[in-house]
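A short write-up of the structure that comes next.
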Amino acid sequence: MTAERPLPEITDQNRPFWESARAGRLTLQRCRNCGRWRYPPARHCYWCLSDEAEWAPVSGRGTVYSFVVFHQAFHPAFKDQVPYNVAVVELVEGPRLVSNIVGCRNDEVYVGMPVEAVYEPVTDEITLIKFRPVEVWERADAVVD
Amino acid sequence: MARTPRWPFRSRYCIVGVGNTAYGRLPGWSHVALNVEAIKRALDDAGLTKDDVDGVLTKAPTSDFQMLYSTKVAQALGISPRVTATIDQAGASNIGLIWYAMSVIDAGMAEVVVCSYGDNPLTGSRAAYRRIAGDEAAYGLMGAPAGYALITRRYMHEYGLKPEQLAAVAIACRKHASLNPNAQFREPITLEDYFNSRFVVEPLRLYDCCPITDGGAAVVVTSEERARDLKKPPVYVLGVGQSHPAKDLVLREDWTTSGAKESGRVAFEMAGITPQDVDLVELYDCFTIVPIITLEDYGFCKKGEGGGFVEGGRIELGGELPLNTSGGLLAETGMPGMQLIVEAVRQLRGECGPRQVPDAKVAVVSNQGGIMTTHATLVLGRER
Amino acid sequence: MARTPRWPFRSRYCIVGVGNTAYGRLPGWSHVALNVEAIKRALDDAGLTKDDVDGVLTKAPTSDFQMLYSTKVAQALGISPRVTATIDQAGASNIGLIWYAMSVIDAGMAEVVVCSYGDNPLTGSRAAYRRIAGDEAAYGLMGAPAGYALITRRYMHEYGLKPEQLAAVAIACRKHASLNPNAQFREPITLEDYFNSRFVVEPLRLYDCCPITDGGAAVVVTSEERARDLKKPPVYVLGVGQSHPAKDLVLREDWTTSGAKESGRVAFEMAGITPQDVDLVELYDCFTIVPIITLEDYGFCKKGEGGGFVEGGRIELGGELPLNTSGGLLAETGMPGMQLIVEAVRQLRGECGPRQVPDAKVAVVSNQGGIMTTHATLVLGRER
Amino acid sequence: MTAERPLPEITDQNRPFWESARAGRLTLQRCRNCGRWRYPPARHCYWCLSDEAEWAPVSGRGTVYSFVVFHQAFHPAFKDQVPYNVAVVELVEGPRLVSNIVGCRNDEVYVGMPVEAVYEPVTDEITLIKFRPVEVWERADAVVD
């Protein structure tokens, strides 16, 4: 970890996301009008354009939708990290997040792999949300709303 | 949803001149000068001069994306055109420019319109290519290869694509570039070379990725009537289509079908053709997965069968459907797409020497931008 | 040079919805959200929903000019439109978007197209407005006011314009803004106030210059057929023109005639009107000199007589030719031009309350970019 | 004069212009094909698109085509300079240059004022070309080529 590592820019729009990450929770916007979860954070609902939304915790569980392994660093901060994986994780609630799969080797990651969120502080302000493999979980419909 | 199409532009507008600069490292060339040089050559090719031009349309340089770019090119050409604009649909813009050119000619607002692109990311500013931004960079996701690698992996999961099939695209492009003296990469590669090349972002290897390059290319568009008394035989715009997934990958429902499906449907319908009528294709190949998905979406084969389609020499010169006859983005030059239109025009005129597709009558060009974010299709014909 | 115009678009396409956000300091609003909010309101106004939209056209924000902007707006709208593009002609782009919308609807590629602009230079990034570049900055030449001040001085030399005549434009705009609850500057000013205001770049004073602002505005364009069963009466696009001097001032031969001359000629001819038919004008007024030159170039008076034309209340509500009835860029908001189209549509619908021009049938809107580098004209009508 | 003052960026294209300015000469490109002088420097002729050009000295004489007076600084380096003038000078050879008029008060500058170039070094590399009022000169056709 070097100081020059790219970090998320905290804005009025995404502040609750990063503040709850720091507290070890995965929190997303949910539309008050149509009830859909959304990510990335936005002022208007992607489905109904309502700008009434609340922030609420989600399960932190999902599956790997796709993943890649970087063998080349496109930024100096990642020079010592290659090869490293980047995955798109689809939460059981629907939204997809870009993240890294930790707790297994790159060649153990596969599309469809069940994962759950883990929290990795990188600065005082920023905690990254990564995912680790879990045993198969039941699709937790109660969480989906 | 839309009304019954009237296709008012079908076969009424033509590309009458094409031009390009050298490709590769071009120190001392500004991107404006690359635009001007390409336009100058395209006008020479058409037998026209800059005083004939009343429209200047540009795609702004990726490396130095800036406001009012087309007026800078017009200024460097020393003209005040009636029509000038920069249109941005990223890599799909080149076809967007031709569409816009036809619409203003159709309305009598202009008669001769040049459409151009030039950039010098290798020797000039590479700011835009280097920019690392967005929350995803914190997880190490950056650069265009990763987006296409994510799509490739997902495609492999859904349809079982093999690396050999990606390789077949790279090998065909290199083979064709070996017959193109202006191509950047003229050494043919083998399957073994492909597998020996390093991973950039797995599952994509170096040979799956197009290079960054300096260069410029331009075309001249005019009406069929005006085209008649020019230097070269006109190439007709038979069909144009566009369709744009628009959303970033995390929000895009379907990763393995691109805008090519709807864009191709519109363009083929406007042109009144089916895939069987097509003699060659120039498909945007920033990464090897893209022509495979595009071939499927255009209906050359079924979804999931694109990997099989590109194998066995089918897309090589002499095969059933020659693809990227000048080497494409992968081997001729990594410029975002105008060069594919230039090559299609030269093929339809029969000017391509050792890489000529015999008796080429109909060519299809695809343009695409972002991470399969935008798509446009151009159907060109030797005859109306 | 061009063929006899066929004007295929005349009176066949309509603006059926308009929308805008608040103007001024809007902290917490991204420019994407400002676009979405304006589009949402324009769709509501039309009685349409986002699912009806198959085209999204944007002018990219001046403060944060970036590639693939229209797809970001489409993504925020949650749609994958068949047509999306960003068109850049600087301030002239808004009319360029409407032109492009008509051309794709005409060709059956889309049916309902939204055209939008949003930016937040006040509370967001002001990078582009702050950028100081070019060799001329070494001599202290920077900022848009200076370019227009150079033109104003030259115009004064050639035609003897008086400062009182510049003031007449500022005074009219402030007067009209006082009747517009959404305007940024609603306090009327007097000639004395004008002469008491400080010079920014002499000969231009503070009241000669439009403000920087946050905000968004959008219009919905569709075909006449589709317009028939919507919520509000359609406003017809009677004519569109564009013409672009393109060159920087040092290379531009004529500083006192703008693209308005040729652009206006085309638009008026397409619309089949003369200046006598026009009930009101919404003319791009980034600086007070601009409407004066535009009025001349459009033929409302002779070259050199624009200063006299704007005096004596002729351009105020109740006068012969009300100009910038919502306050224009000078007083409603400094946003680059879409708001002028919104106001013209509302005037033609008779929705403007205390600032309504009685029985308004024909309105002319001008858009302009750079230092009189680009120009576009839109003629709108209540009837076909 | 502060260090932060905006300075011209010397490129392959404009280097001869700034090098001759340093030597106290005003030198412009002239098209080898059509003979026209051009400014700003460019690879292609604005009139005939030829890319054959030579650099040659011009008279340094011209008239004020237009001018303005900055009463507001748009850059910190000009804070102490306001009010200062900026003029567009049309050389007798045709091209127009952005510059400042020195050697007179701002309110003495007028459109049509005859001026001649003076050279003002600001760094080791950069000498700005400014203009000062002169007595009326005869239009020197010999210089125009």
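Labels A, B, C and D are assigned to the chains in the order they are written; within every chain, residues are numbered from 1.
By definition in this document, a contact is a pair of C-beta atoms (placed from the backbone, for glycine too) under 8 Å apart; a residue touches a chain by one contact, two chains touch by 3 or more.
Computed from a predicted model, the values in this text were never measured in an experiment.
A.B. asks: Could you state the distance in Å from the CA-based centre of chain B to that of chain D?
C.D. replies: Chain centres of chain B and chain D, defined by C-alpha means, are spaced 42 Å apart.
A.B. asks: Centroid from C-alpha atoms only, then distance chain B to chain C, rounded to Å. What do you get?
C.D. replies: So the centre of chain B lies 34 Å away from the centre of chain C.
A.B. asks: Can you work out the whole-Å distance between the CA centroids of chain A and chain D?
C.D. replies: So the centre of chain A lies 57 Å away from the centre of chain D.
A.B. asks: Among the residues of chain A, which are close enough to touch at least two other chains?
C.D. replies: Chain A, residues with two or more chain partners: 46.
A.B. asks: Mind pulling the chain B residues that touch 2 or more other chains?
C.D. replies: In chain B, 75, 78, 248, 251 touch at least two other chains.
A.B. asks: Chain touch graph shape: choose line, ring, star, complete or other and state it.
C.D. replies: Here the contact pattern is something else, fitting no line, ring, star or complete shape.
A.B. asks: Mind listing each pair of touching chains for me?
C.D. replies: Touching chain pairs, listed by label, are A-B, A-C, B-C, B-D, C-D.
A.B. asks: Note which residues of chain C are touching chain D in the complex, please.
C.D. replies: On the chain C side, the touching residues are 132-133, 135-143, 146, 149-151, 153-154, 157, 198-204, 248-251, 255.
A.B. asks: List the residues on chain A that touch chain C in their complex, please.
C.D. replies: Listed in rising order, the residues of chain A that touch chain C are 11-13, 42-47, 49, 51.
A.B. asks: For a test of understanding, state which residues of chain C touch chain A in their complex under the given definition.
C.D. replies: 27-30, 32-33, 36-37, 40, 50, 75-78
A.B. asks: In the complex formed with chain C, which residues of chain B make contact?
C.D. replies: Residues of chain B touching chain C: 1-9, 52, 54, 56, 60, 62, 65-71, 74-75, 78-90, 93, 96, 99-100, 103-111, 128, 223, 225-226, 241-248, 251-252, 259, 262, 266, 270, 369-370, 373-374.
A.B. asks: How about chain D: which of its residues touch chain C in the complex?
C.D. replies: 5-9, 14, 39-40, 46, 65-72, 74-75, 78, 81, 83-84, 86, 88, 95-100, 111-112, 122, 126, 128, 130
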